[in-house]
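The following pair of complexes shares a single chain, subunit A, combined with subunit B in the former and subunit C in the latter.
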Partner chain A sequence: MNAKKIYPLYFSYGALGLYFALFFFPCMLGLFYSFTDWNSFRPEINFIGLDNFRNLFKDNTPYLLYFGNTVKFTFLTTVWKTAIGFGLALLFTRRSRFANLHRMVIFSPQVLSFLIVGLVFRSLMHPSTGFVNLALQGLGLGALRQNWLTDLHWVFKTIIAVDTWKGVGYVMVVFIAGIQAIPASYHEAAIVDGATFPQRVAMISIPMLVPSFMVVTVLNLTYGFRVFDIIYVLTNGGPGYATGVVNTGVFKEFSKGDYGMGTTLSTVLFLFITSISYFIIRSMRTKEVEA
Partner chain B sequence: MKTMKIGILCASLSLLLAAVLSAQGKAVTLSFGTHQSGLPVSGIVQQLGADFEKETGIKIDFQIVPDAQWRDLLKAKIQAGEAPDIFCSDADPLSLYDRVRPDTSCIDLSSQEFVKRMAPSVLPAISYKGKVYGITFPGEKIWVYFYNKDIFAKLGIKAPTNYAQLKDICAKIAKTGVVPMYEALQNGWHQVLPLFESGPYYQTFYPGLYDKLNANTVNIKDIKQLKTIVSQLKEFADLGYYGKDFMSNSVEGDYKAIADGKAAMVLEGIGWGTQAETDYPALKGKLGIFVMPWGDNQIIGINPASNAYFGNAKSKNQKEILQFFAFLAKHENLQKRSDGDPQALSMCWPEIASKYPKEYSDYLSKLKRGTVMQAAVKYVDSQWMDVGKDLEAMYAGASTVDQVMQTISQRRDEQAKLQKDSSWK
Partner chain C sequence: MRLRRSLSRISLTALSWAVVLVFLLPMAVILVNSFKTSAESADMSLALPARMAIANYQSVFQKGNLATTFLNSAIYAAGSSSLIVALTLTAAFVLSRRKGRATNLIYFFIVLGTALPMNYIAVMKVMKTLALINTRLGMVLLYAAIGIPISLFIAYGYISTLPREIDEAAVIDGCTPASLFALVIAPLLTPIASTIFVLNFMSTWNDFIMPLYFLNATRKWPMTLGVYNFFGMYQTQWNLVSADIVLTSLPVLLVFVFGQKYIVGGITAGAVKG
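Then we have the complex of A and B:
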């Protein structure tokens, strides 16, 4: 009886075909090319084993720095966007004046292109003519003026701040949707029992928002690991190579014509993202079941 | 009656639509991709583009990209088959293939009439395997330090002829609150000039150096004078002689910095002075020049080639591209270009007279000359922007002089091996 309701397997052949052609096959091809010396200077492609992977660990190459920066960027932007986005969502789901206007204003950077955001912030952050330093000077806080995009101590923090500013609105919207889906009766019952606001957030909102946290975390992680645009336009990976990430490295290798090395970087990144995403989703699913 | 009115309206709209579509079908727009430094600041090329449009109806759409991103972007676009119809690229005989893949990506211009009129000295820079692929306009490229004569006179100092003097005058200038030397890292290439423009000077210590570097019998990191210059550049940054914000400065800001008296010296192409005097008439007669004295160098570096324009071999509009190149190469347009670009003191077209100010030509005639390193040594110019990043890292404190030298050498090895250079086996 039940077997009659199951669709036949060949219904999935079309979708599987597309999946293999557009996703699986290119991934495998990329993996294959990472073991070759494929480049733009010669037509022949030779198998070179693990040479490209060994080059990742060679002295005086920035590849490990790129991976470190990518992880650092991903971790910090995920934490900041989630924390601030969640805080703003809590704020704008309470009865506050002009809540929709505030939501719109905070979400609006999301619709701007990275190029525009990068150019605007490069201008704002210029040490002598930029708005930030001039404003600090005007407020009598001249001592706080910095070379925001060229000082090693500040440049990564600046990039993370700009990226958080741009992406926090999206995270806020996801959390607002999640909060609004929590039945009001839970909070009302907790209020009757004398629970304070922080207690209600900790005991009701956060456990009920685990799916939202999962979505936000996976989205932020996958975005963070494949970041390129914001770094390219703000610092082009500089000063020197200090803010280079894996994808600025991939771009560099491809533009140099060393496709094999570029593909190696992409492959390592792909494996990294896949494994991290798998474990995160798995661990969060377990927690969801427990909750 | 109402139906008739609607009918007439529909017919008119259809006609209008057809007219618009047919006009769109006929009009050709050529995309022209370039870096900021690829076009004269005077805007004369854009003006010539507008003249060309008036004459032929073909529009030139200039797409200008920051210097720091252009080389990588152009290579990525060429390799992805998405290059603009016309693209501007720095051209030299050793890096042309790496940069624009002329045999597969550029239109062969060998049979064009204008090729015969260009100076023979620039042809190797735009040729590959005996075929000419580019059209170029600037004359030989020379970089010198421009200085504000008023500031020097006020402090009783003279143009330096060695590093010790340079350091000494910078100390004196810095005390007055003026930035001694305008430096700009945002474009990515300017900071690299002292390293490789001083190539003729290195050759005086190592005879046949360029050939030995190309044969891989000398390692670039073993050139002591090159290392000395890198150390001196770092010393200047540490002493604050480039000012506080040099890492955020752009080359284009140097006109204003010198004109406002905020900086005393700047390293620029020889035509910069006449452009500065045109834009800031108060500077007239107040700019002097001296050869870059890093490492005690006193030889002027000559680069026979500059940037060139290439036609995209994969473009649908090849006929129009050739038409545009022929238009630019018309004698009257070459003259217009020369007249409209104060920075172009000479052109690589013998039919156009050079316009070097006497003071400059007198000074330059007294100096020894030699070909710059990037025009004669393999795998130097192709890593120019990377070396810019190495120096940026050094200034920021993220790497040392030795690391910079090591990285330049390592990058040469990588590029040679990638191209299966027989000297690197």
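Then we have the complex of A and C:
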């Protein structure tokens, strides 16, 4: 039978065309524009070589800070979500009457908009009338009240905490699926041999869950590098530039009309993510060969 | 020994409920405050309102322009999700069935998009050139383009599990490629089509980056941008802000409760394969 006739290639042209026109092509076009002084004030676009890229390293610009913050955000959220998500997965795969309800509640922030979650926490963390500070005062812990979203010492921690609150349910669900796929006989045999719960987690669950850990890490990394919403809503990169990340920076340049600089930030992020993906894929390939 | 075991069971149960409380509390505070009067909600606490101020919801509905923004969100989410389902299922069918250099290349090229960051400013340029900027059609097409890579990935994995013998039998019975797909394959794909639809519906409904960049006209704003704007105007009135937050989240929470099976299915499909 002729595969070309039964499975005509044009069935894929719709998806391919739309993806190319509005996603891939703009990515490439952005590469080109990052070598220009394109902006909203003048109609002509001039080629300026590497000037935009040199700007990244100038002393009085916040760009390097954006990249530093993006890496910091990505690293911290990945670690926290993985650690807490794994703990929660262990807690909620126990036999208990309410396990399903509990899982559903913990997963539910995942389906809310980042915008909504951001606004909820901006309300809750309002320094004078917000729930968090009022509750601390009500519990007699008034000394612990903070300006959660404006104090330089707290603001980044607050963002990490809110983002973890929203995203940890997803990680938990991935781990639960992984844990449930481990044959029960492994644990039964270990119990017969007298292994304690921590020993079983370390010797059975974690080694069996390596694929889940990989998936979770890749998902968290690709999310973290692209983060925009939650930071835009909570602090808009402030106070000053303290919590600015690459994509809030892109939006700032866009609002100022400095399109060339904005696409340059996107381009560097693009190259950064592409090279990291390359290493991830390569390390996975070698893992597969070993297995 | 038995005492120790039951003690540890009690402490784990307590821990479970404490964790659940951490996730429930923020939402509960918002819900309670949405029924308070302005004066009561001046301090945002869990104290119950003296009388349910349902009027908050009425006033938010009018001031927040909710009817229009709701309709816009529905158009963007339903339109792009339907388009994604149609385009990725047909593409995944051909790409997974016909193994070859060209089909592999197309597949990996599209799936590459799951990792790539979007270049928003360049997208604006393209949308302008195509006269799609500030239009509802443009938003639908853009959301579809963004959702295609991950949806194709999920669909491809699912179609690979369907036996090829079905196709051969159908072709012998006189099916053309179009009728083979529409009459024989498509009905088998309803579960994965639902998953793809629900996942994309929710991510489009929740998005607010695209309208932030690409929509100036307020009457084309989706609910997310509407609520953000509302927050800016009524920041001192927590009761109204809370009511608006509740109304905006309600549709996705309903989709979540009724489509839970498909959402979890989508996560594990993406995760186990990846």
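The rule we apply is simple: the second predicted complex is superposed on the first by the 256 of 291 C-alpha atoms of A that agree within 3 Å, B and C clash if a C-alpha of one lies under 4 Å from a C-alpha of the other, contacts with A are read in each partner's own complex, and residues count from 1 in each chain.
Just so we're on the same page, contacts are C-beta pairs under 8 Å (C-beta built on N, C-alpha and C of every residue); 3 or more make two chains touch, one makes a residue touch a chain.
All of these numbers come straight from a predicted model, not from anything done at the bench.
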Touched partner set for A:N39, first subunit B, second subunit C, both or neither = first
Once the shared chain is lined up, is A:Y241 touching subunit B (first), subunit C (second), both, or neither of them?
-> first
Which of subunit B and subunit C A:N147 touches, first, second, both or neither = first
Answer with first, second, both or neither: which of subunit B and subunit C does A:A89 touch in the superposed model?
-> neither
Regarding the shared-chain residue A:F254, is it in contact with subunit B (first), subunit C (second), both, or neither?
-> both
Please work out whether A:H126 is in contact with subunit B alone, subunit C alone, both, or neither, and reply first, second, both or neither.
-> both
With both structures placed on chain A, which of the two partners, subunit B or subunit C, ends up touching more residues of subunit A?
-> C
Taking the superposition as given, does A:P109 touch the first partner, subunit B, the second, subunit C, both, or neither?
-> second
Scan A:A177 for contacts with subunit B and subunit C and give back first, second, both or neither.
-> second
Residues of subunit A at both interfaces, subunit B in one complex, subunit C in the other = 126, 251, 254
Seen from subunit A, its contact residues with subunit C in the complex are 1, 3-9, 11-12, 14-16, 18-19, 21-27, 29-30, 33, 88, 91-92, 94, 96, 98, 102, 104-106, 108-109, 111-116, 119-124, 126, 129-131, 134-135, 138, 165, 169-170, 173-174, 177, 211-212, 214-216, 218-219, 222, 225-226, 228-229, 233, 247, 250-251, 253-254, 259, 262-263, 266-267, 269-270, 273-274, 277
Subunit A-touching residues of subunit B, taken from the complex the two chains share = 68-69, 71-73, 75-76, 79, 98, 101, 185, 188, 244-245, 247-248, 389-390, 392-399, 403, 406-407, 410, 414-415, 418-420
Could you please specify the touching residues of subunit C with respect to subunit A in the complex?
-> 12-13, 15-16, 19-20, 22-24, 26-27, 29-30, 42-46, 83, 86-88, 90-91, 93-95, 97-98, 100, 102-103, 106, 109-110, 112-127, 130, 141-142, 144-146, 148-149, 152, 167-168, 171, 177, 180-181, 202, 205-209, 212-213, 224, 227-228, 231, 238, 241-242, 245, 248-249, 252-253, 255-256, 260, 263-264, 267-268, 271-272, 274
Contact residues on subunit A for subunit B in the complex?
-> 37, 39-42, 60-61, 126-128, 147, 149-152, 232, 236-242, 251-252, 254-258
